[in-house]
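Okay, so chain A shows up in both of these, paired with chain B first and chain C after.
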Partner chain A sequence: MTESPITRVARATPEPVSRRVRGLSDRAIAWIFVAPTIFLLLAINIFPLIWTIRLSFTNYRANRLNREVEWVGLRNYERILTDDGIWMNMQATAHFLFWTIVLQVLIGFTLAWLINRKFRGNDLITTIIVLPMMLSPAVVGNFWTFLYQPQIGLVNYVVEFFTGIPANSFSMLGSVTLAPWAIVIVDTWMWTPFVMLICLAGLRSIPDYIYEAAEIDRASKWRQFWTITVPMVLPFLMLAVLFRGIENFKMFDLVVQLTGGGPGNTTLLASIDLKREAFEKWRTGYSSAYAIILFVTVFGLASIYVKALNKVKER
Partner chain B sequence: MTDFVTGLLRFRRGPWELVASILIALGVIMLMQPFALWAYTYSFIVTLTGTVMFIVVSHFPE
Partner chain C sequence: MTMKRLLAASAVTAVAGLAASASQAQDLTLCWAAWDPANALVELSKDFEAQSGITMNFEFVPWPNFADRMLNELNSGGQLCDLLIGDSQWIGGGAENGHYIKLNDFFDANAISMDDFAPATVYAYSTWPKGTPNYYALPAMGDANGWFYRKDWFARPEIQEAFKAEYGRDLAEPKTQRELMEIAKFFQGREIDGQTVYGASIFTERGSEGITMGATGALYAWGFKYENTPGSYDMEGAVNSPAAVEALEFYKELYQCCTPPGYDNAYMEQSLDAFKSGQVAMAMNWFAFFPGLYADPNTGGDKIDFFVNPGQNVEASTLGGQGISVVSYSDNVDGALEYIKWFAQPDVQAKWWSMGGYSCHRSVLEDPDFVNSAPFAGDFLEAMAGVQDFWQEPAYAELLLAMQERLHNYIVADQGTAQEALDGLIADWTETFEDEGKL
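Here is the complex of A and B:
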């Protein structure tokens, strides 16, 4: 009779080790396996969070280590929450967040719905659509700055072709009205495939027999779409919105590469401003308070979103 | 409406979570709206209250 792999592993375990392990309960063994993860989580996530909260009540500056650290209470929070400039940055972040999510969901879902139909070259087209999200944000930012170039950029010539507006008469990245839209377009171009893939997974999880039953009941295509497709893809769509929402709230690299926060401060997102306060102006205590405000906002939003997601899944 | 108030008085999770969610959403809107600076100023305290409340009330019975 052949031995099972478990018996072979047990036999191969050295006697001193097996004697020691034999004395441990299942609970103790479980703790041994979980302990490294818990330790890492505490060291990398929880401790820095608590430390940041502590620093947010001080005037600590990371570039002046010998300076005495003073407890300033809520002064950092007060200064941030009465600052016109930061208020403008929050509005720029809201504009970026709202429009990227709306466009990515609409275009991503439409693409997924089209790709889900069986046709020749389906796999090739899916691969081509997914390509942008495989690129590095720094690379994407760099080549879109060339595409947006008023003299040689392709985008201006396309706009001229369709609207007749001279290509060199406007600059997407240099105009205060166009720059916020320019970053929305690039992020949408890069991350719509991600939303499309999640929607595609949702669409492919719908069994065919539901549509067949609807056909038998003489439900129109339009009704099938609203009563079968949309409700069954909704949890997937909400998950995509959660991922993109959190990701775009802390968007940094792409926008820094494209506009660096300019012109003026029109595309200065909260995360870019936070980085400047923390690592260019070295106001560590102040930037810790800024980070805590952003953290509480994202955490609160994620909490209600996860609750809504669970409710949709229960239906 | 009566059910909602009864749920609040009996410390049930559903209505209290709804109140916390409304506070969080209100706080985020206040943080990012372009109309009033005072709303921006008080946004963090509203969001923080909602978030802490959400964590606490999610342990209430159904």
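Here is the complex of A and C:
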């Protein structure tokens, strides 16, 4: 019987070395494997976070390296939390977040429910529906800017066709009333397919025998929907809401392309404002405090939400 | 043998690498905005390449991203640019933060005199602190915000007649801001050659500097001042004076009454597009674009003419233009200085003007033939005589963004009053100057 290569390597290993290796506990070996990841995590995530927290208590400006940095305590936080403009931006963000999620869940779930039926061309239609989410947000932003253009844009002509309101009499991106809805529409157009795909995965995970059992019990389609489909898809739906919520809380590129935060500050979402403070005004200390406030907000909301999600899963 | 070959190959590679880096050190990169004059500068710089043997590279960034991109580059100590043609407002930050090299000794050593350049341009583009003989740039590109209009429409008898019937005077280039609005109102919604046209295209852009550059055209004409006493940062009563309020209300009315639909975020490109597509009778834009507009086959030539920003209480225009600076982080400072020395020569400046650049050299501007050298040359001289600039403080970006926000909120988003907008602006600027330790 020949020796295996591992046995040969073990036999060839000098005694002092093999003794050392034998001396490593499982925990130590686990640490050796995990250490590089932990090091990267500390270097890329944790250290910048701690550094940002530190900067948030100073008046540091990254473009004034020769200026003395002063410790200002909670002044940055106080200024942010008492600034009416920032609360307006938070309202704009909340409006965007709420309506995009509501519309994307409603439309995404409906589309998934329809697509889940077996019919000819199902795959082709699914592919066409998911196309928008494959595009770059910058491209989508530019593309919709043209669609919304009052003189040549398709949207205004469609509105004129159905309502009789002259196409060039209103501007979707230039009106204080319409602009917040204009960005909601574009985000919904782009990301509803994502919600649809998650819902579709949920719908397809429901075993057929549950519906068959319900049929035998003479449950109506409506009752099957509310007592089988909705509860079983709910965890997926909540996951989609979590993903979209976090993404849209930090929405930047699409809205910058569409409105740049305007008209006025109507669509100035928190992330756009933060970028301006940090990299256009270069108020690094102030913007660090702003970033921490946003981080705590999104982290807190996400934590509460994840707990709720786990409860739903346990049911 | 194999080892010898390996060593030889390594040596050749090392020598080639060193040679390449030596040759790269001879290259110069000039950074500027991507627009018509930049293309002219590329052509002009070929003479420098031929004379010096230095290869010129260019980094041109579209205007809406220019400040963002270049200020980030400077703030990070980047070595992308050896030479930077930066906006006039950057001079304070460039000097105080050590981004630009002070050029006084170099000018003295090479007999380059600032007296050879138009005083307004030296003051605006080169000096920091303002008005002191501390030079951080050579005036490179004079510019101001001006106007152009459809001369062929203005000349039509039926239009002349209709205008006279409505306003009791001949339709001609406006002499005041109020006249400008009357003309804009007259053209707004009018049918010309079967197409609906609009009064004027003005700057309303929110993201960078657009609406500020446009609205200051009206503010300066009404006599707007940033401070009661220059250098005092005493803004109450100056920034929000009754004249300033009136000017801002005027600009808002001009936006509401007389611009094409959807021009709520318009700057240079949109203004040019509106004019070239035959949508507007008048448009504002920087003089830098005027050579290109005049050469346009569809709306240039006989169809276009130009006028300086009309006054109201005073004659004044918004300053544009830039100086050329040597970036202190450059690894080829000597080459960059050599370029500036070459660029400052009177014959190069004359060629610069002939190719579409706006020279600031007095030998060019004071040439008796200058006024007739282009249809907009006289207007340019007139504009440069009354230019006013935005704050040039190191905190310029913060000051500008505050004004952008206040003006866009009032003019485009129709929120609050002009008085509230200007009062709010003082509050924002006061906060900035307090942070800066200047108040």
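As a convention for this text, the second predicted complex is superposed on the first by the 289 of 315 C-alpha atoms of A that agree within 3 Å, B and C clash if a C-alpha of one lies under 4 Å from a C-alpha of the other, contacts with A are read in each partner's own complex, and residues count from 1 in each chain.
Throughout what follows, a residue touches a chain if its C-beta (ideal position, glycine included) is under 8 Å from a C-beta of that chain, and two chains touch if they have at least 3 such contacts.
The structure presented is a predicted model; accordingly, all values stated were derived computationally and were not measured.
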item	value
Partner chain in contact with A:Q91 - chain B first, chain C second, else both or neither	first
Contacts of A:I293 with chain B and chain C, given as first, second, both or neither	first
First, second, both or neither for A:N168, with chain B first and chain C second	second
Contacts of A:P231 with chain B and chain C, given as first, second, both or neither	neither
Contacts of A:G262 with chain B and chain C, given as first, second, both or neither	second
Which partner reaches more residues of chain A (counting touched residues only), chain B or chain C	C
Touched partner set for A:N63, first chain B, second chain C, both or neither	second
First, second, both or neither for A:W282, with chain B first and chain C second	second
Partner chain in contact with A:P48 - chain B first, chain C second, else both or neither	neither
Touch list for chain B against partner chain A, complex	17, 20-21, 24-25, 27-28, 31-34, 37, 40-44, 47-48, 50-51, 54-55
Of all residues in chain C, those that touch chain A in their complex	68, 71-72, 75, 93, 97-98, 206-207, 260-262, 264-265, 394, 397-398, 401, 405, 408-410, 412-415, 435
Residues on chain A engaged by chain C in the complex (per definition of touch)	59, 62-66, 149-151, 153, 168-169, 171, 173-174, 176, 256, 259-266, 276, 279-283
Complex contacts: residues of chain A adjacent to chain B	77, 81-82, 84, 87, 90-91, 93-94, 293, 296-297, 299-301, 303-304, 307
